[in-house]
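Below are structures written as structure tokens.
In the two assemblies presented below, chain A is common to both, partnered first by chain B and then by chain C.
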Partner chain A sequence: MQKPPVLTVVLGVFAALLAIVPLGYLVLRLAEGIEAASAELARPRTFELLSNTVLLVVSVSLTALVVGVIQAWFVVRTNLSYPGFYAVVATVPLAIPSYVLALGYVSIFPWFSGFWASWLVLTMATAPYVFLAVSAALLRVDIAAEEVGRSLGLSRLQVFLKITWPQVRTSATAAVLLVSLYVLSEFGAIALLRFDTFTRAIYNAYRSSFDRTAAASLALVLVALTLVIVLLERRYRGDYLMQRPANPRRLKQDLGKLQTPVTLLLALFGLLGAGLPMAALLNWTMIGSSATDLGKLFAATLSSAGIALLAAIVVSIFALAVSIWVVLHKNKLGSFIEGLLWSNHALPAIVVGLALVFFGANVTPWIYQSIWLLMIAYLILFLPNGLAAMSTPLAQVPKGLTEVSQSLGQSYRKSLTKVILPIASPGLIAAAALVMLTVLKELPATLLLRPTGVETLATRLWSATEELAYAQAAPFALVLVIIAGLPALALNASVRKTYAEVNEE
Partner chain B sequence: MKKIFAAALAAVSVVGLAGCAPADSDGDFVVYVGRSETLIQPLIDQYVAESGIEVQVRYAGSAELAAQILEEGDNSPADVFFAQDAGALGAVSKAGFLRELDAELLNLIAPEYRAADGTWMGASGRVRVFNYNTDQVSEAELPSSVLDLAGPEWRGRIGIAPTNSSFQAFVTALAKVEGEDVAAEWLSAMKENGVIYEKNSAILEAVESGQVDAGLINHYYWYAKGNEVGFENLNSEIAAFESQDVGNLRNVAGVGIVSEDPRAKDFVEFLLSETAQQYFVNETSEYPLIDGVEPMAGLTPLDQIPAPEFDLNDLEALEETLQLIRAAGLI
Partner chain C sequence: MSLLALTGITKNFGEGNVLKGISLEVQEDELVAILGSSGAGKSTLLRLIAGFEKPDQGEIVFDGNVVAGESFLPAEKRKIGIVPQDGALFPHLNVYDNIGFGIAKDPNKDSRIQQLLKLIELEGLEKRKPQELSGGQLQRVALARALAPKPKLVLLDEPFGALDAELRDRLRNDVRRIIHAEGVSAILVTHDQEEALSLADRVAVLREGRIIQVGTPTEIYNSPADIGIATFLGESVLIDGKVTEGKVATDLGKLTALNQVVEGQSGVVAIRSENFYLQPNQTGDSEVVGRVFFGHDAVVEVQTPTLKIKARSNGPFAPEVGMKVTVWVRGAVNFYPTK
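Showing the complex of A and B:
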């Protein structure tokens, strides 16, 4: 196999260095202040945070599992009326950043805060991940085995538990672990709902202690927790590529009298996960429309879009380079770099932000508080997303085409730029767009690293909520959902696949 | 590839247009503002219009900005630090990052509202008050001392903002006046009795909506709200504690110069000008600190507030206060 182009190797190694240096610096800094750090960790408060965090992660994971499985089962395996509609209802919370969801709720119920509030909001925000994974698995379940089970006298519930569930379990577990990672790194919603987990405590420690070792040591505990889940996730991943059976048949159970109650239940989930909070924000936007500062809204939209576009380009350049390297010229160093970059996919944004503030202020003052430090944060956070999205279209380009092109006398570089990249480009552009939409919604790292004077939609929303000014915050939230959330939902490949498959018959 | 780089260039220029080009650390005039953007940005806009000087403003909590200046050290992009309270300024000054101000500037205001070493000075005055929802707290129930709020009858009823520097300054004063043990005990009672918000304005909103019965805030948030919606429409009142109670702390929002940039002095002069002082009176209901500008009608004059005699220079013990608040588990 040909050696990878030098440029891809340079970019790949550079990205890997960027990804590890700030965190390395955080650890170094902690080692210097080891006494203060251990004092911080020994506080009773740390245990309170630990138990809050674990409690929230476990409870949200369980309820998201239940909600997602219920939605998937009824949509895929019963004669529910309008299953396509309910598939949309189940996935639509993906279009709403969780802090927007939280904002929607607190703006209706000012007392909405603490554990139960966070639990509800995060359950609704993460259930779609379970729904997508489980409905995909349910669509591939071997119906024949179920029929045999029924004919041998098992009840419907027994069939589900003994025959169906084991075939779905791997996907469900993977989705639940994804949910746990989401909850662990969640910052905005939890801070808005005033429940103290590690992310909020890190931000507060950073803001209100002169010795920032405190924030750093909490950050490392969070990273350790994350690692535990990532390792678990590794063990359970790998079932995503299950093929559909050759003759896809679906055994649809007749809901009978349950049609109405089930419809109501699914509608209730939709109401809790999107309808109610979005209606509240719409209402606030209209109430406050006369006082809305359109100039501010426009400026924030513009700088959000500009920053996200730049980030998408930066991330895409690196993601493309690394993808070319590992997909077309797989070698040991490439795989190592890819693994390294991937390991960041679960890193909480607040930790990356914190590490870069320290690093920027002390080591690289020339990019401190500039857009470039923020770009490095986005690169660390979203390169894994870019890699995942870009390697697929590259891998799908038929290998023979390169050979044909080279046999016709084109140089390798020409074949790459004239043949491979153009063929893969629709997929690559979609990948870049997804990165851009993800960046638009990012809050914690943006909050810590944005250049002086720059306000994005997310940071504007944040500062308005700090003053409980809901009418002020609502339009920013709506614009975010419209320009980032809905397009991201429309571009999401597994969402589209699920819609298509549910509507097939 | 060419296309991608062309797109990259285009994006960079878009971002540049949106005003987020990398800050030139020498060229830009940067002010770190520890006060609410809603209150301060109109004043900054006025300054920009009058002076023609472009100002880059970084808004955050005063304690956060103080810690940030210490972290940044000599690399700090800040030229001026405009803080919500004297404590944050004192802490930065103690670490040696503030320059001495000119005597002519310092002498514009009374000595009790500026640093003993001349490194910072007040720009506007404010007073801590007890804000309560009139449906949920009767006048008979009003506490005579802020220490009374530690009692079990206030469980879950008091809005506080432990990350806010005005609250932190009050805690510093409490520790200085009543002793650190009393302050620590009071704070741990607040773990039960307090409901935590980010800002004074959020506490006021919560008290107004009845989400919490009462709160500890700076006086002018209540006046600003009253001016906005009409005082007769407010659901809450403000009250002072008994005379000499630390709960009535008098404090200043103030300013200090971090860099050698000549524009810094000009900006500070502006904050002490009649225009700016009148802005504080009219727009934020704060106390002006220079002679010749009168506080809003109906406001108890600053020197008649029943506050304890307290040297604002002592508020510099912000670091110890933050440790106290963190030890109580409020942050």
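Showing the complex of A and C:
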């Protein structure tokens, strides 16, 4: 096989170094002050945080599973009217950053805070992941196997438990683990709803004292928790790849009298996950429209867009380089680098932000408080997304084309730029756009690392909510959903696939 | 009394496709093939028998009980085995658990599974997952799974469709052997006439939602009920003819009709392509204009003064292109009067 182009190797290795240095630095510094760190962790407060975090992760995972499975089952496997509409309803919370969702609730019910509030908001925010995974799996279940089950004497419930569920279980488990990771690293919504978990405690410790040992040691506990779930997740990811049966038949259970109650239930989920909070924000925006500082809004939108565009370019360059390396020239070093970069996919943004603050202040003061440190944070956080999104279109280019091009006299490099990249470009551009939209919504790392004086939509929204000024926060939240959330939802490949499959008859 | 009796089954299965008054009986220990092209309603008929759908009209009696009509017995209560098109093994279970699925509470479960594994000649593969089996193995496991609870009837839905020709032949024999060893009745749905003729005790021909003819393979092949079946089942050459003096006068001479004929009637005779005999004859009035050689036989295209016919001829002795021949028709033919 052809050797990978030098540039891809250089960029890949550089990205890998960037990816490990900050966290490594955090560990080293803590190891030096191990006594202070362990004293910090031995406080009863740590156990309280741990139990709060675990409680929230477990309860949200369970309820998101229940909500997502219910939505998927009714949309895919029953004669529900307008299944396509309810598929949209089930995925729309993906377009709303969870801190915006939380803000919507708080703005209606000022008392809305603590465990139950966080539980509700995060359940609604994460149920779409379960819905997408489970409905994809349900669409691939072989109906003929279910019929065989019934011919062998099983009731409908037994068929579901013994034949359908085992085929869906793997996808559902993977989705639940994804949800757990989401909840573990969630910062904005939990902080807004004032429930003490690790992420909120890390931020408060960082803000309130000059001794950063506390924040750093809590961050490491959070990383350890994350690691546990990542290891679990690895066991379930792609356990067996289910093929769609050659002749997929849809068997839809007749809802009969249940049609109305089921419709109401699904509508209720939609109301809780998007309708109610978004209506509240819309209302606040209208009420406060005279007070809205359009100049501020415009400036924040502009700087958000600028930062996100720059980040998308940076992340895409590295993601494309590493993807070319591992997809077209797979070798051991490439696979190692890819694994290393991918291992960051679950790293909570608050931890990355904190580690880079330390690293920037102590080791690289010349980029501290500059846009470039923020870019490094985005690179660490979103390179895994970029890799996943960019390797697919590259892998889909038929293998023989480069060889044909070379046999027609083009150099390898020319074949790459004239054949492979043009063919893959729609997918690559979509991937870059997705990275940009994801960056727009990022809060914790932006909060810690933005250059002094720079305000984005997310940080403006954050400071307004800290002052309980909902009317001020609402327009920022709305703009964020409109320019980042909805386009990201429209670009999301698994969302599009689900809509298409649910609507095909 | 028959094991299964369908009477006047009507079912609209969408897009204008309808089963129109199907009546059919299946006896104990009998293998019946339902033969029809795609869209004829074969699979719908099977699903009605299995209990996955209710007929619009008509009655199904199985094993002495009405299962559809006055009352309805759902699939899980009927104890009718099914083998779907591509096997549809449970992907999360191994071979052993797939076969044992329907007999979980049977105290003799293990010995029954072993017995079936032996019958399908897959001993030693108990632990394999469906993904690790070949197409033929999948189908045999699916058959064993259906047979495990000892149903009186199994339904086979195009079970050999996805397999290549050689494997299909082998599996056909296996299925016949296994079904007879178990002493179970079976209904096989297929669009492959060779499969229906070679495997079944009786064949029912389904066309446009109706059963056109039921009979043993020999009956159906030798006396097709109409021109459609004559051309669908095997190759037939159709020639105009008129009944004169008890025989059918055609361009190939006076032929004896197998069926009752009325003097003066005009119609069409269907001649099986293997029933032509081509006699090399330098002064013959017909000429070989085409020849496709298959080894064991050959299809020879012959131009007579008035007709072009395709004859199947013993391979090694098939006449070459350009040879003059005389065309003879062996045996009696079927005559279909014009309506």
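Worth pointing out:
Convention: the second predicted complex is superposed on the first by the 499 of 505 C-alpha atoms of A that agree within 3 Å, B and C clash if a C-alpha of one lies under 4 Å from a C-alpha of the other, contacts with A are read in each partner's own complex, and residues count from 1 in each chain.
Just so we're on the same page, a contact is a pair of C-beta atoms (placed from the backbone, for glycine too) under 8 Å apart; a residue touches a chain by one contact, two chains touch by 3 or more.
No experiment lies behind these values; they were computed from the predicted model shown.
For the composite obtained by overlaying on chain A, chain B and chain C can both be accommodated side by side without a clash. In the overlay built on the shared chain, the residue A:35 is in contact with neither chain B nor chain C.
Once chain A of one complex is fitted onto chain A of the other, the partner contacts of A:142 are limited to chain C, with no touch recorded for chain B.
By the document's definition of touching, neither partner reaches A:254: not chain B, not chain C. With both complexes superposed, B is the one of chain B and chain C in contact with more chain A residues. Look at A:151: by the touch rule set out above, it reaches chain C but stays clear of chain B.
Contact with chain B, but none with chain C, is seen for A:207 once the two complexes are overlaid on the shared chain.
When the two structures are aligned on the shared chain, A:166 is found in touch with chain C, with no touch to chain B. With both structures placed on the common chain, the touch criterion links A:453 to chain B but leaves chain C unconnected. Following the chain A superposition, chain B and chain C show a smallest Cα-Cα distance of 43 angstrom. Overlap of the chain B and chain C interfaces on chain A: none, as no residue is touched by both. Interface residues of chain C, counted against chain A in their complex, comprise 50-52, 74-82, 84-86, 88-93, 101-102, 131, 142, 145-146, 148-149, 162.
Remark: chain A residues 142, 144-145, 147-155, 163, 166-167, 240, 242, 245-247 touch chain C in the complex. Contact residues on chain A toward chain B in their complex (touch as defined above): 43-45, 48, 110-111, 194, 204-212, 214, 299, 302-303, 305-307, 309-310, 313-314, 316-317, 320, 357-358, 361-362, 365-372, 417, 421, 451-454, 463, 466-469. Across the complex, chain A is touched by residues 1, 4, 7-8, 11-12, 14-15, 17-23, 25, 28, 30, 36-38, 56-61, 63-64, 66-68, 70-73, 75, 77, 91, 162-163, 168, 196-199, 201-202, 205-206, 209, 211, 318-319, 322-323, 325-327, 329, 331 of chain B.
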